[in-house]
Amino acid sequence: MIKKPIITAAEAAALVKSGDVVQVGGFINCGSPDSVIAAIVARGAQAPRELTLVCNDSGLHDEAKGKFTSIAPLIKAKLARKIIASHIGTNPETQRQMNSGETEVLLVPQGTLAERVRAAGAGLGGILTPTGLGTEVEIGKQKLTVGSKVYLLEEPLPGDVALVKARKGDKAGNLQYAKTARNFNPLMATACKLVIAEVEELVEIGQIDPDQVHTPSIFVDYLVITGAAT
Amino acid sequence: MIKKPIITAAEAAALVKSGDVVQVGGFINCGSPDSVIAAIVARGAQAPRELTLVCNDSGLHDEAKGKFTSIAPLIKAKLARKIIASHIGTNPETQRQMNSGETEVLLVPQGTLAERVRAAGAGLGGILTPTGLGTEVEIGKQKLTVGSKVYLLEEPLPGDVALVKARKGDKAGNLQYAKTARNFNPLMATACKLVIAEVEELVEIGQIDPDQVHTPSIFVDYLVITGAAT
Amino acid sequence: MIEYQENKEIIARRIARIFQTGEVVNLGIGLPTLVGNFVPADVTVILQSENGLIGLGPAPQPGQADKDLTNAGAMPVTILSGGAFFDSATSFGIIRGGHVDYTVLGVLETDQEGNLANYKIPGKMVPGMGGAMDLTTGSRVVIAATTHLEKSGTSKLKRRCSLPLTAANEVNIVVTDVGYFEVLGGRFHLAEYFPPYTPDWILAHTDADVVVRQDCKAWPPEEGCK
Amino acid sequence: MIEYQENKEIIARRIARIFQTGEVVNLGIGLPTLVGNFVPADVTVILQSENGLIGLGPAPQPGQADKDLTNAGAMPVTILSGGAFFDSATSFGIIRGGHVDYTVLGVLETDQEGNLANYKIPGKMVPGMGGAMDLTTGSRVVIAATTHLEKSGTSKLKRRCSLPLTAANEVNIVVTDVGYFEVLGGRFHLAEYFPPYTPDWILAHTDADVVVRQDCKAWPPEEGCK
């Protein structure tokens, strides 16, 4: 197997370009690539701007506790032009930017978001889902009848860069996620041109059981080693 | 967790009814629930008839060597009314029954078959795929344009009974497959009303790492223990 | 005269009595999460959490929280022996595919057509739908859990929701702190009233068409009548 | 006069020289499988097998076959360190999603429009398409591997396939035992000829429009010219 380049969070951050569609794994406060996100913000004036962020949610934004998780630091630094997520209820700053017109927010049902990302990675032109019928989600979408049931056509959602977080990676780029920190990470790793995986632990090739690989190596372009978080 | 009933292959065979759509895991000679298939054939005059079999392929049928794998014994016993598969090239009896008009054969591209089964299990009304465009596969199907690309609408393929084969199962029904014996098994376990899992090894609840479950217990209705095959 | 007093616990207690052993249940954030505390000891339900697990266990002991193990509300949780983790596509395959028996959700409004609104108050608050739209579409039975009245005194059960819908015609059961309603044929059917509230009080305090079922009874049943 | 002699090995040898280190390749059943034997030692390709693995290794030692580890042709295989197994939906997600760089397939016929037929001879033989339709649709580059002539002497490269198509306008490269062709703009472009065959011989023995590229050269290059 081919070894993948191991880079620093700062080097990873420099691979994200202004205007990119960036898919970020994680679920509120669990399973996000926090080191790379911090490194993007740390670029300051050099940080990429006008990003479209795709994430399950917009993370925790708690000014009082100084707690900012998932993509919240990117939003706080005003690097996003658009946010595509299923939930923004834990981030009042997202709401504020949306209401003020600074940032566009597209809300997508969580299961539909997962399938749209998966479809992009799997070369599908879209999927038909009953989710969102009879709600604002159906606006502007094609309805199709299959059998006797009506479905919405939901289109694939590809990205330029995926930032994912894994518990363990081998030097070839095979990844294993831990518990509910898995969430959108493996889906996004299939759907983007460039995939950067932040791993807590790096192991030698051969140390991950091939029956237990969550993301096969071929999807991963770069590895960032963070050590275990606390 | 709830324990699932452990039954014999003969008891499992009796759960399959004439006219059922039966999805069978396995890939030619690897990963099929051979004990349950043998038990169905062993029912003789009581065996269910007019089955629709959904399987990657129709198995090996080798009269000379007396070797019959996957669904080949069911076809040999003339229990199938229809076979939905991607490949029948290793089973001359399937070809014979098709040519003579005894059995209907529907050929489906392998990736489309996988997605159609998955869609049934995941509550999708279908998927859009570029596979089969410009071939006989597109006949009678709806074409949709998404972005600038044309796709075929492929509909979900649900089943009445899934017969799957796993390396290991716990008493709750969590399953792990081995190597390439995984194939269609986990997909079919999601797509059928009744799921019977043949496992080589039964372990206690808690002995399968929850991060490494291939089929979660809630999909499995019955367990059949076969011991390791040779 | 009966004075209304918000009582979330009775809602959770009543809903917890609906499930049978082996059924798969998804409990939403907030009030629905309380339901888990009241499932009878002789009933084993399997809790699914849409962020990617089956076999949700109780909250961890203090100091035992695992950063990689949370529920959909970002709270630390545990997993029971025999549980399983999976990605979000698999999780919603389970949900959308009809493999969850019950989903219990909180609401801003619900109505007699089985509509439910809980993700958006235009111009005010937009938390987003999260997994709620998939859960209401895919689950076999949708249970709305809500206090009966707003703090302002208005009924949360409506003839027609005015807020953007999370689910259209999907709600099967509504349990409030005054009674248990089935949603059928464009009306709420009162199946149980929770004393001190009476069917008459409920009819007078519900801004929707309510039918009192002929077999409508008090809940919980008097100890003496058990 | 040059007499045609079937030579599968040169086809496999030439195709094996196309790949670069790190590229993901799927080799079809039969002739394409031979390609794996000729990849240069200094090139590391990653072989995918559509029945569910990445990192396909060589055939097992005698007596070492694992009943749970086969390739798409039902032959026992091995997996390299760092490989991975997955289910069929994931496998074809990899294929259809454009994550396979090259697919090498055998053909019954292929034509100058990039069509390929290899799954069905109506009324005679219907093996089925297996994964070939997804592989030709999804892979970045589609390579048809075929002897140049039928046993009957007819060209397997056609103006227009007459058999039911496996792939419509998907073939990029055709390697036969007489030369290496690119498929472009509705014609075969001869990029290399394999001596003793000559461009003239190839033009005379191909029932299709063939352009001889200006830089068309012999392959393998003479040792002396390396």
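Order as written gives the chain letters A, B, C and D; numbering starts at 1 within each chain.
Please note the rule applied: a residue touches a chain if its C-beta (ideal position, glycine included) is under 8 Å from a C-beta of that chain, and two chains touch if they have at least 3 such contacts.
What you see is a predicted model; the values in this text were computed from it and never measured.
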Trace the shortest sequence of touching chains from subunit A to subunit D and report its length in steps.
1
Between B-D and B-C, the pair with more C-beta contacts:
B-D
Report, in whole Å, the distance between the mean C-alpha point of subunit B and the mean C-alpha point of subunit C.
36
The distance between the C-alpha centres of subunit C and subunit D, rounded to whole Å, is 57
Round to the nearest whole Å and give the separation of the Cα centres of subunit B and subunit D.
30
Can you compute the centre-to-centre distance for subunit A and subunit B, using the mean CA position of each chain? Integer Å is fine.
33
Touching at least two other chains at once: which residues of subunit B meet that condition?
115, 118, 122-124, 129-130, 177-179, 182, 210-211
When you check subunit D against every other chain, which residues touch at least two of them?
53, 79, 85-86, 89, 92, 95-96, 137-138
Thinking of each chain as a vertex joined to the chains it touches, would you call that graph a line, ring, star, complete, or other?
other
Contact pairs between chains, per stated definition:
A-B, A-C, A-D, B-C, B-D
Which residues of subunit D touch subunit B in their complex?
49-53, 66-72, 74, 79, 85-89, 91-92, 95-96, 115, 119, 123, 125-134, 137-138, 164-169
Within the complex, which stretch of subunit C touches subunit B?
21-22, 24, 44, 46, 48, 53-55, 79-86, 89, 92-99, 137-138
Sites on subunit B touched by subunit C in the complex:
1-2, 118, 120-124, 170, 172, 174, 190, 205-206, 210-211, 213, 216-219
Interfacial residue positions of subunit A with respect to subunit B in the complex
115, 119, 122-130, 142, 144, 146-147, 149, 151, 153, 155-156, 176-179, 182, 210-212
Report the residues of subunit B in contact with subunit D in the complex, numbered from low to high.
27-31, 56-57, 60, 85-90, 95, 98-99, 105, 107, 109-115, 117-118, 129-137, 167, 177-187, 214, 229-230
